[in-house]
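Working notes, beginning with the structure itself.
For reference, chains read A, B, C and D in written order, and residue numbers begin at 1 within each chain.
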Amino acid sequence: MGLKFPKDFVFGFSEAGFQFEMGVPGSEDPNTDWWVWVHDPENIVAGIVSGDFPENGPGYWNLYRQDHDTADRLGMDGARIGIEWSRVFPKPTFDVRVSTEVDGDGNTVYVDVGEKALEELDRIANREAVTRYREILSDWKNRGKLLIVNLYHWPLPLWIHNPLKVRSLGPDRAPSGWLDRRIVVEFAKYAAYIAWKLGDLPDLWSTMNEPSVIYSLGYISIRSGFPPGYISTEAAFKAAKHLTEAHARAYDMVKKYSRKPVGIIYATTVVEPLTPEHRDAAETAYSMQNFEFLDSIKFGRSRLVGWRKDLEERLDYIGVNYYTRQVVVSSKTLLGWSVVSGYGFACQPGGLSAAGRPCSEFGWEVYPEGISVALERFWERYRLPLIVTENGIADAMDRYRSRYIVSHLAQIHRAIEKGVDVRGYLHWALVDNYEWAQGFKMKFGLNYVDLNTKKRYLRPSALVFREIAKGKEVIDELLHLAEV
Amino acid sequence: MGLKFPKDFVFGFSEAGFQFEMGVPGSEDPNTDWWVWVHDPENIVAGIVSGDFPENGPGYWNLYRQDHDTADRLGMDGARIGIEWSRVFPKPTFDVRVSTEVDGDGNTVYVDVGEKALEELDRIANREAVTRYREILSDWKNRGKLLIVNLYHWPLPLWIHNPLKVRSLGPDRAPSGWLDRRIVVEFAKYAAYIAWKLGDLPDLWSTMNEPSVIYSLGYISIRSGFPPGYISTEAAFKAAKHLTEAHARAYDMVKKYSRKPVGIIYATTVVEPLTPEHRDAAETAYSMQNFEFLDSIKFGRSRLVGWRKDLEERLDYIGVNYYTRQVVVSSKTLLGWSVVSGYGFACQPGGLSAAGRPCSEFGWEVYPEGISVALERFWERYRLPLIVTENGIADAMDRYRSRYIVSHLAQIHRAIEKGVDVRGYLHWALVDNYEWAQGFKMKFGLNYVDLNTKKRYLRPSALVFREIAKGKEVIDELLHLAEV
Amino acid sequence: MGLKFPKDFVFGFSEAGFQFEMGVPGSEDPNTDWWVWVHDPENIVAGIVSGDFPENGPGYWNLYRQDHDTADRLGMDGARIGIEWSRVFPKPTFDVRVSTEVDGDGNTVYVDVGEKALEELDRIANREAVTRYREILSDWKNRGKLLIVNLYHWPLPLWIHNPLKVRSLGPDRAPSGWLDRRIVVEFAKYAAYIAWKLGDLPDLWSTMNEPSVIYSLGYISIRSGFPPGYISTEAAFKAAKHLTEAHARAYDMVKKYSRKPVGIIYATTVVEPLTPEHRDAAETAYSMQNFEFLDSIKFGRSRLVGWRKDLEERLDYIGVNYYTRQVVVSSKTLLGWSVVSGYGFACQPGGLSAAGRPCSEFGWEVYPEGISVALERFWERYRLPLIVTENGIADAMDRYRSRYIVSHLAQIHRAIEKGVDVRGYLHWALVDNYEWAQGFKMKFGLNYVDLNTKKRYLRPSALVFREIAKGKEVIDELLHLAEV
Amino acid sequence: MGLKFPKDFVFGFSEAGFQFEMGVPGSEDPNTDWWVWVHDPENIVAGIVSGDFPENGPGYWNLYRQDHDTADRLGMDGARIGIEWSRVFPKPTFDVRVSTEVDGDGNTVYVDVGEKALEELDRIANREAVTRYREILSDWKNRGKLLIVNLYHWPLPLWIHNPLKVRSLGPDRAPSGWLDRRIVVEFAKYAAYIAWKLGDLPDLWSTMNEPSVIYSLGYISIRSGFPPGYISTEAAFKAAKHLTEAHARAYDMVKKYSRKPVGIIYATTVVEPLTPEHRDAAETAYSMQNFEFLDSIKFGRSRLVGWRKDLEERLDYIGVNYYTRQVVVSSKTLLGWSVVSGYGFACQPGGLSAAGRPCSEFGWEVYPEGISVALERFWERYRLPLIVTENGIADAMDRYRSRYIVSHLAQIHRAIEKGVDVRGYLHWALVDNYEWAQGFKMKFGLNYVDLNTKKRYLRPSALVFREIAKGKEVIDELLHLAEV
């Protein structure tokens, strides 16, 4: 009567460099846009960022073995681990020559990074960092676990993006990251290099994490505290286009040097209308936020990129990140729809949503029904394998996490029963992490981290996770937790 | 670095008849004061009781094996189980002759229930009920576990107490329970009979649960919804005196027929002054609520009973029930002190206390520091072995229970380290129960009970309890939960 | 465009002895059930009453001129002023012989207090108290204002009701107030005496205030803290019957000696169903709480009294007290309906109702729509003149009072427009008062009273009241306050 | 015993163009930075501005007579009325030649706008707008009231500041407002022109409103939603310097053509340390926020401007705007101090502050003690006449406004008693207004405005204000409202 998951269904965790690596002296990586952004005194005074610093984080760069031990004890058999571009290439790679083709519209339709270029890159690269990544990935892999390696999780090397300069000089006179066409080729170089150096280890690759969040929070919705905080729809579109190209060109290179499946990790936004009359607006918002980008790299066709052969069929699986829903009404704004406060991401931290659901300390409504919608709609449209690559809750006192986990697993199980090909569930997060502009306030870990001693402690929900992961089943006696 | 408990330290649960037994058809016991009290339509309309009925409860009378299985799986090796007087003697026992001695002040200083009386009682008793109790106790005992049997946990047979008649006719024209001197002898008969019939099973006996609650909530503080809700300080004192005598006379009889240690289960009220100038008032309140009764049956001397040889040394161990503290100020009221709202038992349900502590759904502040005070002060005064016989939290969603358990265990450990002889920790409760005037609203179970199906479900804290009980240790990785 | 009221529409205040008179040394009246009830240490410790004492009240007994001045300045031209039975007759009047007739069912169907009896009563009466009442009433009357005198507003002389003895001895061995048939005759004597002594002063008489509250809060719903707190449906019915008889016999005597119109002041309970399927239950509750008593004294026919000629047509007008609504569902309880928490009287103090309306510090929802319902239904059924004799809000900081007043006046205006004969609006209260079991916590005054100095201060709403009362109009610019 | 104010103490209101003028068709002024800023779709989607539009405002441009009538009825005898630069000069004035002197550091130390230039300006000016302003000012002045005219209250003509272009191109390639040195001269031209055209009307002039808010909210603290939202300490300093120069040069020109006293309106920030050890940090913050700017234009000496003869003694009185305090701790940030959440401006809207004070719907703590501090410290340092030119509360339901007004007046009275020269109290606001980035959500009016019909309604506090203003006294009976 419990909920049994397939024998090869993976239970695990997700990790990202900037949010977990730093913490032990010597682990700092100051060469990124995010580093300068969260350290900028003016950003701190203005309340754009928290004033917490990532160098006081959990310290995975040094303590990865301990975290892998913990994951093991909790019955985890899979992980997604991130690599930081800036650690591998702290200095520019512009001068390394590679074949590229740009079409008449300025689209980068082809990049090839040959062996010679790779050797040149190898001279520029920080080899110590590469070695450390090999150790980290091997430590996990050698335990007989599934390994997904993700190449990009938001921080960019400072040489390609300096958000403080974008602010003071405008984007056309500063290293402007995703607004600069050149980033496509540089990202392909980096991807090729990693595949060449570490390609024996992963079972699966992901090129990047949540591209839509980068262009929307960076250029449309400034309250997020994301760099560069430059409000411009035009810029958002440009960044989005470059992200699709970067993905496609990186896909080509990873495949060339590794052959393992390559996917992308996507932040789903399950949109619901406030009332039935807003159904069209909700559908528009759903499509815009969930399908535009993936259509571009699966079908090579979308409103975002038009029709581009060079982008199509660059997707072997989808990593699905899901936290909560979004409720909208149709409106006369630019987008044609507006988010309704009191639901989904737009709730009072620690309160109840307008629908009476508990909300996390981030102000995110607990809404497990959304994850099966997300999975079903991706499956229906793309017929690609799916892995839940992030799901979790900011909940320092662990008041809701057990319920959060079980209720979402119950919805995932429901999707599987309906025939959706879901391969695994990677929880965010194994241990407490640095949560971007919010700093350390948001506690997502199954394990609490004492940031002073770096010691890890089990939250009660970790025991619930263990109970489930070890048996690959939500047993009957835990099923009551599926109700929110 | 974890907190290790002695090897023979017992982890277990506490159970009481009226709150757990009923639920399966055929298990109803309508022959008690509490039954008529919670079913009285006028009490329900007046909001004195909840309108929930105990016959819809968890059903331990029939499902005890299943609950013992669950306890076993959670690593429990001890239990306190209650017997209901009214089930054993649904009809009056007044006519059974026994030797008694009443002194010039009307004190019942001696009772002896001989074999002949026991046989007569056996004819009056409901033997099916006795057989069922043997089955229940044996089922637990046969698993090799520690068994404490408690003889009285609040409901009285209707033939000795009818609270509705007390209300309409006054206590001198109705069966008035603890206000009627005859109850002392009848209780001794009942105790003797149980010791005679079931004396082979328990490791320890308790005569009664929380006597001070009976006389204070029944006669002083009417908001509790306790029968008979008859406000009279004089009556409270009379009830208190009869309870001491009943204990002492029952102690004698149980010892006569069983020889196992006999104790009492006591509700501690750890009193603290709001500010230092109220220290004297707090000390008076502490003493009055925690020591008066126990002094009477240990030393035979107290303000409550004066000096009575026939009461002294009737106590082999103390069962300590602890939930939270009480904060007082000195005042010009009858008692000389008043309880301050916002602390301890007097908080907003589900809110924060005035000290910023979380409060249970009962409005009880989480205050673990109090339990070590309670244990230390009992030890210092009585030098008797102590067992924590109740500790737990009304917390339907299990938001605080893990933290509640660990923080209280940490304080118990602290007391043990200081030399206090604490022998075990019995959690209240294994499964959700019927909570007197509050009905089913207060959820104390490590296991959630679906009252429709009677199915039990694990709350996350049950896994935390299991982790601790199985190793008899709060491991290092759980120690962060000791902070409230 | 404003709301104009008829020229002779009265704006004023209501006052009651126990709640306002005491405060200045020498003004104490300890000869009542309420006095002993609120001073009883056991009641205080039990939390049944507040621990505040009426002798620390606003002191109208001495400061009435000042309050009349204030009322005058606020544009008030009417008042309802109470007389205390216990002040006039601190000692029993049983021995004064009068003609009475009791029928076979024990109903007191006739009482006549002749001149001789009045002279005898005059010898027993406390003449100083009578003189003071003449001064108080004259001071108001001499300003050319409308005067309503109310004979009974809850406290009973201790010789006819001792609630502490009812509790300890049962009602048949203690002075049991409304449970004792003799009260009917004694009340008639008191009414006759007042009419005989002070009958030249009032424009209108009222026999009693809110009889239904007395029998329901005293005998059914114990949480109210009303004496005697004796839970018994049978007792409630007996008290209700005696109250109808007391009214009718008093009506006869007041008419005999004064000839002015005699009415009653009634607490309306505007009942609404939670959802349409509970409409029948709501209608039953409406009828039971609003019509049973008044039907008895208007038509001489009701479920309460059967068919009694001696009660009919004893009502010249109705004083309507309105505070909020009651929302019910049908239920299997004794009454057939249950009150739904979160609406009307059953809200969180200072919060919002389940319908999103603000709630007073008493936990009473602001629901002005109900007052027009109350007025319309009384008018439709009885075709008697109506006066709003109480309406107001416990609101220490005056956050809602202006809005409360205007919104209720707008509803009253609406009823008048529909043809209902409403003659006036008497606000509860002119100054802060002693609110029974709640003590001084509930602040109903247009004027704040510093209880230490007895000084009165204007709340902002007093200026709004003045603006309206002086023009007998809610001007256009204030109409936005009619929205809650 | 009441608080009497001097006979010539002025009670009145403050008004500002952008926040009040628009509302009636034809009154729109789209030629400003603020207009494009609040209409920018990207700003709306990003949540930087409310989405409310000023053209739906109260409509003072057309309805000023009605508002003056209301003010009159409320006993007001003074007002501060704003003029909009952009209405008078919708097109650039750069080409009008005037004498100027810029020193070696780029400081504009002298500007003279001669008659010829004035005539040229007159040809460029929108004369209809000037005529309308004459009508508005005359209507007030002709009632025999005190008139303060303020020249600048935040919106800049679009030809001198386009914040959308500053964002996309950087400030050096866009009209950058206060970052462009040329603004000093253009502002002087505008000031000279107004003094020349309307100089017969005002009793007092103010050059500008709250200069420190412009440079801090525009360039330091981005959450405010102020244009251009360009985070740069360097830019903030530059803007501050240009504002001092603009004031001084405008001062010179107004004096030249009008001779009436010229002051400035300043936003006070009364800083308090969280605990005594933060006293130095608090003093630094106090000085930086309250004295730097005023020192510059009074003493010609400050850390902001160094030592500049051309700025000194350009201040005849100070307009003091006060709303609440700021609580700080010393910190390692750029400024040396950080604002503590939960006090002053940094509170939960509609909640209680960390000090238990009520907070407005803007999240501003009610803290009247601060206003006497502000007045005393200004007086002590500058010995100039003071006028409270803004004080009020966002409080749609008028729950706190009466108390807010009386408590602040009590503190002002206290300052006067101590010898501070306070000349008047101008409430913000007479009617509800457009509150910048917050739009219409914040309701500051003594009068509620129905934005659909433009009808004004009295809030209860308006009657309290009237009571005080008419007698120039807070009478005894209102003094309880001085306690928060």
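Heads up, the rule we're going with is that contacts are C-beta pairs under 8 Å (C-beta built on N, C-alpha and C of every residue); 3 or more make two chains touch, one makes a residue touch a chain.
Please read all numbers here as calculations on a predicted model, not as lab measurements.
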Intersection of the contact lists for chain C and chain D: none
Contact-pair overlap exceeding half with C-D, pair selected from B-C, A-B or A-D: A-B
Whole-Å gap between the CA centroids of chain A and chain D: 46
Distance between the centres, which are taken as Cα means, of chain D and chain B, whole angstrom: 68
Chain A and chain B, separation of their C-alpha mean positions in angstrom: 53
Sites on chain D at which at least two other chains make contact: none
Interfacial residue positions of chain A with respect to chain D in the complex: 41-48, 51, 167-170, 173, 220-223, 229-233, 333-335
Complex contact set, residues of chain D against chain C: 397-400, 402-403, 447-448, 450, 456-458, 460-461, 463-464, 467, 476-481
